[in-house]
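Structures given as structure tokens follow.
You will see chain A twice below: alongside chain B first, and alongside chain C after that.
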Partner chain A sequence: MIGEIIINAFLVTLMLTIAIFIINTRKVISTILLTGTYSLVAALMFVSLDAVDVAFTEASVGAGISTILFLAALSYLPREEKEEKFNVKHIYAICTCTIIAGLLIWASYDLPLVGQLENPVHQNLAQDFIEGSRNHIGIPNVVTSILASYRGYDTFGETVVIYTAGIAVLVLLYDGVSKTSKIYKGKNK
Partner chain B sequence: MIDQIFGVWNYWIVFILMMIGLYIVISKKSLLKKIVGLAIFQTSVFLLYITFGKIAGGTAPILTKNIDEIYSNPLPHVLILTAIVVGVATTALGLALTVRINKAYGTINEDEISASDLVEYHKKYLEDNK
Partner chain C sequence: MDNLILKVCTKVLFTPIILFGLYVQFHGDFGPGGGFQAGVIVAAAFILYAMVFSVEDCKVIMPPKLNFFLLALGAFIYGFVGIIGLILGDPYLSYDVLGSTKEAGQHIGILLVEFGVGLTVCNVMISLFYSFANFNFGKRNND
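Then we have the complex of A and B:
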């Protein structure tokens, strides 16, 4: 029990450290690799919080496919960010973020403590879903039965979103595709 | 005592991570860095939801033979599964836009993009008023 808490606190602090390093890196490749590491540590965090399905989705999609997409985009983009002096706009941004963080942390005293069985979130739907998965659907993995059956329309909507995003990416990059094919033709001559 | 501190520790770090993401989105000029900031913000929100679903001493929500087993709440897990996949779709769209902007302007720095927009506008204005 106490070991679980310590592992939790360690992983979440590691995520904080990585995020602070991401702010100041100027080489784009190290930004991308640090973001991948951040996602991977988040996946470990999900395992320690009992969300195994979320953990392997985050590890494969968040840490894997996102990183590949960033690296693919990097091949068209400048490798390094322009250097920028610390100016008054940064001070405004820091002030805004500090104020919002202060308000959120103040509000966190009204949130229930992590991991209590009496928390309001555990009172209503979860028990019905677990019983229903055992008695009506017959799949041992409760997350799968909710995803595909109880909230099937959600999953359908998600598929539509991905389809739309795919079409939009193709439309945006069409010019690039024709350009590379022109280079290809030029080489053939 | 130690339970009290670690009971809110996760929330605090998650809020600070959110604000780091927001800071990157506001203050960095590179469009690619802004997308990274959004990704950080997103993952911290996922972490907040999963933290809500945790029950101390529970197991992952996969049914066992034991009737009295305590399972963590599966509903936040399902919501976040959907959100992760949609998040990758938005990242891909943002990156495609960035690549397109780089092709049109030759830069992904915010200031240089608005400067070259301004130059275009003034050229057009002078031509119209000849």
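Then we have the complex of A and C:
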């Protein structure tokens, strides 16, 4: 119990430190790398919450591929962020952030404790999913059986969203096809 | 990039990374993992290759046409598995009728569906990298 508290406190402190560094740095490349590090620490946080599948996704997508894609997109961007002097906009931003953070912290007092059996999330469908995954589907990993079978529609939606996003980026940025494809050449003739 | 150590390391690591991706893909029923993670890991292998050698070299082992075809094929596999169930007289995306028993049907359905997800995610990531990198080189040539 004490060990868990120490680990969580360490991870939260680390995330806060990285966040402060992200705000302070002006170089875009350090921001990208620090964001990747932040994702990696977030993945450790998910491991300490026993959500291994989410941690795996966070580590591979958040820390891995998005860092690489940001680096690849770096050539579009200026190397450094512009220095801006303190003005009225910042005061509005500070007020908004303080109010929203205050509301969120206030609302967090109503949240149930993590990992309690009587929490609302464990009362309704979770029981059926855990038993059904063993008896009906026969797969030890409950996450996979929920993702692919019980909530197959949602995952199909996610796949189509990724597909659509990929196609949209290709339409906007990819100029390699039109030069090499036979259809384009045929039209030119 | 002209670094011998990086090139040799990439050549050595390329296959194990893809093998690990396949392990995550098809072992998702029994441990952490699944289509999303596996797709990203396999895409990372290709992107590593493109970064260390060049994007043109990577286009030889993964041609853009094949990439776009597989990108669409993944989403198609997912939707088609659902339609097979529909034809055999079950609700859409219910895998019970795909195998001899209900459990076998669920296993086959989940495996196919995860494969579709992995294929789409992997190829979307590779094509994103291609499109960023392509633009990049065009700009440098103009300078």
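FYI, the second predicted complex is superposed on the first by the 173 of 189 C-alpha atoms of A that agree within 3 Å, B and C clash if a C-alpha of one lies under 4 Å from a C-alpha of the other, contacts with A are read in each partner's own complex, and residues count from 1 in each chain.
To be clear about the criterion, a residue touches a chain if its C-beta (ideal position, glycine included) is under 8 Å from a C-beta of that chain, and two chains touch if they have at least 3 such contacts.
What you see is a predicted model; the values in this text were computed from it and never measured.
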item	value
Which of chain B and chain C A:73 touches, first, second, both or neither	both
Partner chain in contact with A:65 - chain B first, chain C second, else both or neither	both
Touching partner for A:131 - first (chain B), second (chain C), both, neither	neither
Which superposed partner A:45 touches (first chain B, second chain C, both, neither)	first
First (chain B), second (chain C), both or neither touched by A:141	both
Partner chain in contact with A:165 - chain B first, chain C second, else both or neither	both
Chain B or chain C, by number of chain A residues touched	B
Shared chain A surface residues [contacts with chain B and with chain C]	52-53, 57, 61, 65, 69, 72-73, 76, 140-141, 143, 147, 155, 158, 162, 165-166, 169, 172-173, 175-176
Complex contacts: residues of chain A adjacent to chain B	1-2, 4-5, 8-9, 12-13, 15-16, 19-20, 22-23, 28, 31-32, 35, 38-39, 42, 45-46, 49-54, 57-58, 61-62, 65-66, 69-70, 72-74, 76-78, 81-82, 84, 89-90, 93-94, 96-98, 100-101, 104-105, 108-109, 111, 113-117, 119, 121-122, 125-126, 129-130, 133-134, 140-143, 146-147, 151, 154-155, 158, 161-162, 165-166, 168-169, 172-173, 175-176
Interface residues, chain B side, partner chain A - complex	2-4, 6-24, 26-30, 32-33, 36, 39-40, 43, 46-47, 50-63, 70-78, 80-82, 84-93, 95-100, 102-103, 107-109
Contacting residues of chain C [partner chain A, same complex]	24, 28-34, 36-37, 40-41, 43-44, 47, 51, 64, 68, 71-72, 74-75, 78-79, 82, 92-95, 102-103, 106-107, 109-110, 113-114, 116-117, 120-121, 123-125, 127-136, 138-140
Sites on chain A touched by chain C in the complex	52-53, 55-57, 60-61, 64-65, 68-69, 72-73, 75-76, 136-141, 143-145, 147-149, 152-153, 155-156, 158-160, 162-163, 165-167, 169-170, 172-177
